[in-house]
Every structure is written in structure tokens, then in C-alpha cells.
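The same chain A turns up in both complexes below, where it pairs with chain B and then with chain C.
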Partner chain A sequence: MANNPLSMQVNMDDFLPATDEEKEYMVQMRPSSTFFRDGCRRLFKNKVAFVSMIVIILITLSSIFIPMFWPYSYKTQLGVQPGHPVDPSFNNLAPMEYSTTEQAAMERGESVFPHFFGTDDHGRDYFIRIVYGTRISLAVGFFASIIVLVVGMTLGSIAGFMGGRVDMVIMRIVDVIYSLPDMLMVILLASVMRETLGSALEGTVLQAIGSNIISLFIIFALLYWCSMARLIRGQILSLREQEYVLAAEATGAKAGWIIKTHLIPNCISVIIISTALQIPSAIFTESFLSFLGLGVNAPMPSLGSLASEALNGITSYSYRLVIPALVISLIVLSLNLFGDGLRDAFDPKLNQ
Partner chain B sequence: MDTKTLTYILKRIVMAVFTLWAVITITFFVMHAVPGGPFTREKAISAEAQAALNAKYGLDKPLFEQYTTYLGDAIHGNFGPSIKQRGRMVTDVIADGMKTSAKIGIIALIIATFFGIVFGAIAALRRNTIFDRAIMVMTTAFVSMPSFIMGSLLLILFAIKLGWLPANGAAKHGLILPIITLSLYPMSYITRLTRSSMLDVLGQDYIRTAKAKGVSERNVIVHHALKNSLIPVITYFGPELAYIVTGSLVVEQIFAVPGIGRYFVNSITGRDYTLIMGTTIVLAALIVIMNLVSDIMYKIVDPRINLE
Partner chain C sequence: MAQANETPLVDVRHLKEYFPVNTGFFKSIPLKAVDDVSFQIKRGETLGLVGESGCGKTTVGRTILHLYEPTDGEVVYDGRPIKSKADIDWFRTKSTMVFQDPYSSLNPRMTVSDIIGEPLDVHHMCSNPKEREERILALMDRVGLNSEHASRYAHEFSGGQRQRIGIARSLAVNPEFIVCDEPVSALDVSIQAQVINMFDELQDEMGLTYLFIAHDLLVVRHISDRIAVMYLGKMVELADAEEIYDHPLHPYTKSLISAVPIPDPKIARANKRIPLQGDIPSPLNAPSGCPFRTRCPHATEACAQSMPEFKEVSDGHFVACHRTAEVN
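Take a look at the complex of A and B:
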């Protein structure tokens, strides 16, 4: 029977229980996922970011573990041994070359561990210096970013929560530091602090780290917290005004619940992303300062100071500059690409 | 120009002056935090000689008086005598170094801006072609390479392995490599900036309108698309100059260019405090002024920009 299209009569067929076949359509295609798992899925799907992540993990792990079992140390001058005259044949070995002493030992049938990248002009194994330098550069980058995060988060959230005069004072300070030419200030502070800190640190635990690295951390704490503080203040101010926070308040949610389910998840991804992007810039700054001779204290190597030392023998040993140069570029490039990937995957506002 | 723009410009100028004052003050007090003053590293000198030196450089006066004197002198462009280079004034050393540095810097700035815009526009117009891909890969690599690495690699490749160009900046054609080194990073940055803003502009309605009106492809690109997509590039002038200034510190060191950057680095290792202070202030002033100019230009070029 043809229904009159204008008829108000209800078609009873629409109200029959669903058949199994119909139920098939209603099956959830995939289980509902959390924000974090969703972000990870997007991150792993991004090939560039995934490869960069693998590269970073490989570099980090090898810089941590290789020095543990490597037969040479970054500061041992192989030619200098107590009770023996200095053996200059250890200095400036080409990659995979052996010194005369080692060749003699090999002829006697002993096995000698090869110098993959040769040795430097003090007879130190260059491969382990590169590995150790990578470790120092990564560590400086990581801890500098953590310091920036802590200082920026503290001041940013104080400004955001307190508002009023405190907010104004902090933000004016941010404005001034922001407009200072940062690199010049960094050089100025680094060149003075290595003078003043050296004696102040003597005898403390911090001496082992070296006055130059400490002064680098202080500089980061002083100058680079601004953008982080601005970001966090902005996040707090805008999140407090969001409709869903209002809605949660209206439905009677407690402050703790709002902070836990609304503020932190919305804030954390932005914070993690900008911290991740801070690491390559810190490594950049450290290598720049090391190159000017303001970086880590000798004999500790960093990638920047290795490149700077290699500049003296650049005509004969150019590979000594190319290797740290490639490692720095690889680290900075993959950290940047990974940071971009993180932003694409975890910043919910970009997905809309 | 309406009053709102004028107040904005005035506010920016006040801010820039304040920043410069902050730079001079920070520089002065940081330098005075060095224990023992600038002469402690000299070979053993008698107490009388020390006192005479301090009197000569005004170091025996109260700190605040020294500060006001320095501030007044700095405003007049007088940074006192260099401590390590006997008989030379800091201003003369800086002016001397500036001749070469300004030449490198300005040429690098022009090259970076010009080629950055050209490559960026090509990449945007030939989107997703092999040109675009190649340009993007190159620029991604260049922006993650610190300037000293770029400089060293170019030095190895062109001066040592190929021998096409001299490694010494003082030689004939010696400034070519430093200029290329300095311009690659800002060029890559401008390329990426131009590409993304050009893509943005090409999707706008007025481009479609212009095409529908029958404006030639070339005219659409030059007059409608390119002109509008250059607005973000203007804001980059300040950071670009800052990059070139700090980059020149290492680049001049690598290529042994007799410029202000090299004097600055040498004055750090040689602990020539008046020279460090003078150079920091001059370079900072340059960067602050450039930032001011690019901010004001940005506002004038694009009246849509909301100031607050």
C-alpha cells in the first residue's frame, strides 16, 4: 500500500527490533581511545617524525652506553703512559690507523681495538670523544630545556593566576628581556661568568660539571624563560575563560576535577611541545658558545668545542670537523622534525 | 596616518630607547662584576702602577659615578680607550671593523632577501613539483645547521678540496665565502616564510577575482599575490639582521675576516673589557633599531594588523 507522503501516520516497521544484520552496522569500528593514545597513533603515522624519533633514540642510547664498554676514554692521551717516554706516534692518527706501539703489539699477536676516527693531536681516541661530546651536548640541551620549563612555568603561572600588578610587572620584565639581543647578552654573560663562577664553585659538587656549563644553565634560566612564561600565562588565561570550564562549573564540578580533566590535559601538550622544541635551540646555543671558546671546560668535549678545535688543523684533518658538524646537524634536524611531528600530533587545536 | 598608528610608533620608539638603556646598564654592571677589575690578569704590576691605571681609566671613582659617566659617553658614541690595544679608542676599533663587516652584512642581507623571496615564490607557484620538494629539502637542511658548521663545511669544500675560492677573508674574492655562509640561513628562512604566506594568499578570494577579471597570470602573481605575501617577510628583517650580526662573530673567525665580529671574539678571549662593552652596545643598538624599523614598516604596510 502506497503511503501518502504527507500522511502523519507512523510507519510501524521503523520500530521493529533490529536484526543481527542491522546490528552489524552499529558495531564500533575501533575502541574509543584516549587523547594520549590518539596522539601517539598520529605521531607514528607521520613517517618523518617517526624516523627522527628513532634517530634521536639511537643517538641518545649510543651516547650513554658506548662509553661504558669502550676501551678508550675521552681524556686519556694514549701516548702518555706513566713510566714510559711520551709516544708521539699516537698523535694525529688517521681513521683506522695504528700507532707504532700498537703495530708492534699486533705483530706479537695481541688484539688492538681500532681507532675508528683516528686520534686527535693529543693522542686521544677521536671516536669516543665524538660520542662523549654528543652526550654532553644532548645533556646540556635537555637540562637547559628543563630549567627553562621550570622557571617559565613558575613565573608564567604566577602571572596567570595572580593577575593584576604581579602579572603586569612580570610581563614588563618579559617584554624587556624579549627585546634584548639574546646572543650578544649570552656571550657577555658567559664571558663574565666563567671568571666569577670558577672560584665560587671550587670544592663543591658542581665543580665536576664545570663552571662553563653551570653558567650556561644560569644564562638559560635568566634569558630564555620568557617565551615559556608567556605561553603558560596565555594558556591559563584563555583556558579559564573556555565555555567547557564554565559548563563544568555550572554542572557542579569541583575545582580539582576541572584542573584534572580540563586544564592539565589542554595545557600539557603545548608545554611538552615547546619544551621539546627548546632542546635543539639549547644545543645550538651551546655549540655556538663552545665554538667561541665559551663552552664546556677542557678536556671535556662537546660537539661545538670539537668542531672549534678541529678548525686549527682543517687543511690536513678536515674529517675531524666534518664528523661533529654532521652529528650536530643530524641531532638538531631530527629534534626539530620530531618536535614538529609532536606538535602536529598532540596540539588538538591544529586538528580542527 | 591616524593617531592610533602614531601612538603605536611612539610607544615602540620609547620601548627601543628603554631597551638600549637596559643593554648599556646590564653591560656595565655585568662587566664590573668581574672580580678584581680588568687589570688582574696582567703580569705582576706594582700597587702604584695599578692605582695609576685605575685612576687613568676612572676605575677609582664610586661605581655609580663611573656608571653615569659611561652612560653619558656611550650616548655620545665614546666608549673610552681599548684596554688591550694601546692607544686606540674603542670607537675607532669598531669603526675600523665595521667597514668590512657592514659590507659583508649588507650584501648577505640583500642576497638572502632577494633569493629567499624568489625561491619561496617558485616553490609556492610550483607546489608539489620536484622544484618545490628540492627547495624545501635544501632549506630544511640549511635552517638546522649552525652558522659555524655551515662556514666550516663551505671552507673545506670550496677552499680546501676544490680550491676555487680563498680561505682567507683578507685575500682577493675572500669575502665571497663569508657572504654565502651568512646568507644561507636567512635565505632558507625567508624561502619558507614566503612559500607559506604565498600559498595562503593564492587561496584568497581576491586572487580568484583578479583571475576572473582576466588579469594576466604574471600580473596576478606580481601585483596581487607576491605583494601581499611579502608582509610576513618584513617582520623578519629584525631577526634576520640579528642573525647576521651574531653569525658574523663566528664566520669572521672561521675565514679570518678583519671585521667587528672577529675583534669582538678576540676581545672576549683577551679580556678587553671596554671593547667588549662597546661592541655589545653598538651591535645591540643595530639590532634594536632594525627591529623597530621592521615593526613600524609592518604596521604601515598592512593597516589590517590590529595593534593590541
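Take a look at the complex of A and C:
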């Protein structure tokens, strides 16, 4: 048919049946997006949180892998060799400085691994001590948060789900623990447990970890679960009223099933966020206990104990205080920023 | 209709459900949500339950299923009284519930196949994952859902589709008895019709028995064989669907039926509405005697004295009113 530009006639070519390809295209559905994927997308969009996450990952990986190939160990006093007189030139080296023995070796053409942060007053490589201290601090922070999570989640969900008298009792215990001064309790418990645990652990695997770290974990398990339990109780209380919980009850589901499949998955974002924010506070507590001398046992370094030891030589070797303090700040800051980013990304109430 | 001498599938006897309401530090008074309600549902029948908001319809449904522990009275299902935990567990495989709100009754973190498969998982009804999947797909097909949607989440669906998911879940255990708690009131009218017709078809195919709770009288009339009317936790009238529309006896039922909108304006104008005075009284502070007397145009002294008996006035037509004979 001739095409008259002024014609109002319908162009039949526009009304051809769709080809199979076009049909395929039309019925295509948006891929199902889950809550978790949405949250991750929002998290990666947030630059601050993303950078913090990378910093955390870098610090964690380096604290795990560097000690594996580093030529120095955190407890070897480099000046003390069996069968040789003590070589004091290894003690108190400045960053990148070499002892007289090492300088002699270098003149002979041997390669000597540098001391990036120098050595401490016992002649131990300070860099590896910092890395090891970071490892201990991170491990304490991580495991303490897990303990807090497990205890808090169990008691909180029981209190929220059972309600009534059980709820009353658990929440009054929480109130009592809240009303006690934290730090006083921590110091008291730490010093008492050092005495009692020290002998009990002898000869077991746990001895290597040190009674102080174990007592630190116990302190966290005893004192710091309260806010987590309160949080989860509140969540469970509101979720329990949802109709899908009633629907599960109507099908005959038991309490354990309801908690496991309906309640916990629906408050998992809150749980992850508060655990992420719990880690820095655990690291802080550990550092400060170590600083007071209640933390890790002697040759084992932690960032707090390194800072505390550095206090003695603060005028001559101030970098020994500055470095662990910087590392603590970096870890705590990036964990906090990451936790905030997680909350922004996953908390449904902040989405709008 | 089924024969009268057959044993009823669900026999509700003097059911009471009181909720304690704290009024002071140690004081609490009972809120009589359901007060002495008795009725029977025959196998294959649909009993419609209507009443105003807050009159205890939903509570009746939930108490029958023992989601709330009944304060008093009993439910006899298929000749077996539901008392012990074992009875309840058994009862839960025979009876299910469809909820009002298709948004809050589906867990947002579960896929459609997990939601529908939940009753199967709870009762360990499938021996292997393949059988489970087949049953879920069959259920989805039965309620008119596309099987491609099995791995999607509930928030990706419209209200009508969500309600279909809820219905598929309630059918998973092959129940005999379903309590439908206002299953269409959250849907718009065109979807309501589809869902109601689906309920009808499912009943024919699977021989289901429904307790259909609603406040929309037209919907109830369409689907029910018999209709029960509740007011303030008590049952005031119970009769065949047509009978209750054509010859309502209780003044409250009359008023309710006169309020049903009629699509034809001529008939609507000819029909006189019977407006009720005042509001529904608080169930915490229910009037003495007949609960309806404060709003009843025919109330007398006697109505304040005693609660009228729920008695059969004609074949299968029960009413609770002192003045049935005089007023009608």
C-alpha cells in the first residue's frame, strides 16, 4: 500500500504478531531480589563503610598471615643466643636501625631483615609484636562478641518468646547487672579469676592462651550480654504478634521451630549490626584491661599491653606508644564506621 | 444440606474465652471476648459468621483451633473432644486457618515454596525433597499460582496472589476443616470474587468444611449454607442463609440486613433501613441481661433482667431474644 504522509490509515506493519524472541523479552522477569542482596547493594554504595570494610579485611589478613613468614618471632630476644654472651646492642633499636652484630653481618655481604619499628627494651622485633598484638586484640574482640551474641540471643529470645514469669526473671537479672558499675566488676572479676583459673588451666590446651584471656571471655559472657538480650527480646516481642507466627502455630509448629524459622531470621539484621558494633567495644575493653595489667600474660603482646609497656620509655621512645594507639584507633574506628554502614544498609526502619 | 441426624464435624459447646485486662497493679478483670457460644458445623457445610468489628468473631475462630486456650466449654471434632496436647496435635492436621491480612500473614524472609511447605515440614509429611517439591507445585497449581513463582518472596506479589499463597499453605496438610478469618476483606472487589469462587471450587473438589468469618453480608450470603450472627461475644441468631435473609428474627440481625447495600436504587429506596442508636458497648462493661438491650428498639424491663436463651424457634432457626414472639 502506498504511504500517504497525511493518511490517517493504520500502518499494518506495526501490528505484526510478535516473534518468539520478542515474546521471550516481554515475559522476562526481574530477578528475585532478596533482602540480603538489597542490603549488600546499599552497603557497597556507601563509600565510608566500604573503605572501612577493606581496612578491616586488610588488618585481619595481615595479622593472620604476616607472623607465618616473618623471620622474627614475637618472643625471641634477638640479643640472647644460646652459648653466646647477651648482646645488648639489639635492645631499644630505633625504627629501621640495625644492631652492631647485624651491621657486621651486612658488611660480610649477608642480607639482614630490617626492623621496621625497631626493637623493644628486651631486643624483640617491635613490628611483629604489633602484628601479634593486633591478632590477639582482634581475636578477643571477635570471640567476645560471639559469646555475647550467643548468650544474649539465647536468653533474649527465651525471654521474649516465653513472656510472663520467665521474661520477668531474666529481665530483672539484666537490670541488676546493668546497675552494677561495669569497670569495677570487670577489674574485680579479672583479678579473682586470674587466681582461680591459673591453677585450673595448668597442663591443658587452654594454658597456652593464658588464663587472663579466658577470664576476659568469661567476663564478657557474664556482663556484656545484657544489652544484646534486651535488644533481641524487644524484637522478638514485636515479631511474635505477627500473623505469620500465629499461622505457624495454627499448623502445629513447636516453639523451637517458630524461633528458628520465623523470629531469628526476621531480626538477623539487628543481630548482625549490634554484633559488629560490639567488636570494637570488646577490643577497647581488652586493651584497657591489658593496659592495667589484667590482660594477656607476659610474653604474649596485645595492643593494650604494648601501650602500657611503652609508657615507661615515653620520653625516649614515644613511637612505641603511638604505634599501638594508632592501630587500636584504626581498628575501632573502621569497625564502628562499618557497623554504622551495616545499620544504614540493613535496618528497614531507616530505609525510607 | 446435610441431614440433621448426622454427627456434626465440629461441635462447639458453651465456648468461653475471657482475656484478663489489667486495671490496677494486681487487679485484672476479664474481657469476655466470647461468652457461651454453641453451634455445630456439619461435614461439607459452610457456616458464615458475621458481626460488627470487635464482637468476637475472630476470637471464636482462633479459640476453636485452640490458638487461644478456651476459658471454658469444649470443642468436639468428629466425635473426639479436643482436650489434651495430643488431641490438639491431631486436630492441627485436620484443621487449618486462612488469615485476614495477606501482608502480615506471610513471613517476608521465606520463599513461596517454603511458606507453602511449612506445614509439610512441621508435620514431616514428605519423605524426600522431591516429593515435597511436587506437592508444593501441585498446591500452587490448585490455587492458580504460576509454578515459576515458587522461589520468589511474598513481597513480590499482589494482595490477591498473596491470599492464594495463604490458601495454598492452609491446604498443604489436606485438611477437612478450614477457618477462614475474613479472607477477602483486605482485597478489592474483583479479586474478592475470584477468591470466593476459588473457595467454592475447593470445597467441591476436596469436600472441605468452612467456618467463614466475615463482616460483608453479601459475601457471606454468597458462600454460606448457614449464617450465625454474633453481638458482643454472644451468638444472637443462627439459621439457613436464605432463611436469615428473608425472615430475620432478632432485631440486631434485622438492622444488619437492612444495612446491606442493594445495587438497584428502586428496591433500595423501597427498603427501609433500621438504624441503630449509639455504639457497641465495651465488652469490659457489658450490659446486664441481653447484651443488645441498650440499642434495641423493642427492649423492655425483662431484657435487663436475664440473658435470653438461645433456642430453636423453627426448624434450624435459632435466636436469642425474649421478645421474638411479640415483635415478629
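Here are some notes:
Rule of thumb we're sticking to: the second predicted complex is superposed on the first by the 297 of 352 C-alpha atoms of A that agree within 3 Å, B and C clash if a C-alpha of one lies under 4 Å from a C-alpha of the other, contacts with A are read in each partner's own complex, and residues count from 1 in each chain.
Keep in mind that, in the parts below, contacts are C-beta pairs under 8 Å (C-beta built on N, C-alpha and C of every residue); 3 or more make two chains touch, one makes a residue touch a chain.
Just so it is clear, the structure is predicted and the values come from calculations on it, not from any experiment.
Residue contacts after overlaying the shared chain place A:Trp257 against chain C, while chain B stays out of touching range.
After overlaying the two complexes on the shared chain, residue contacts for A:Leu246 are found with chain C alone; chain B is out of touch. Partner contacting the larger number of chain A residues, of chain B and chain C: B.
Of the two partner chains placed by the overlay, only chain C lies in contact with A:Pro265; chain B stays clear of it. Comparing the two complexes, no residue of chain A contacts chain B in one case and chain C in the other. Across the complex, chain A meets chain B through its residues 175-176, 179-181, 183-185, 187-189, 191-192, 195-196, 199, 280, 284, 287-288, 291-294, 304, 307-308, 310-311, 314-315, 318, 321-322, 325, 328-329, 332-333, 336-337.
Of all residues in chain B, those touching chain A in their complex are 15-16, 18-19, 22-23, 26-27, 30-31, 33-35, 140-141, 143-149, 152-153, 155-156, 160-161, 242, 245-246, 249-250, 253-254, 264-265, 268-269, 276, 280, 283-284, 287-288, 291.
Put simply, chain A touches chain C in their complex at residues 29, 32, 34-35, 242-244, 246-254, 257, 261-262, 265-266. Every residue of chain C that touches chain A in the complex is listed here, in rising order: 62, 65, 67, 88-89, 92-93, 96-97, 99-101, 104-110, 118-119, 122-123, 148, 151-153, 156, 166, 169, 172-173.
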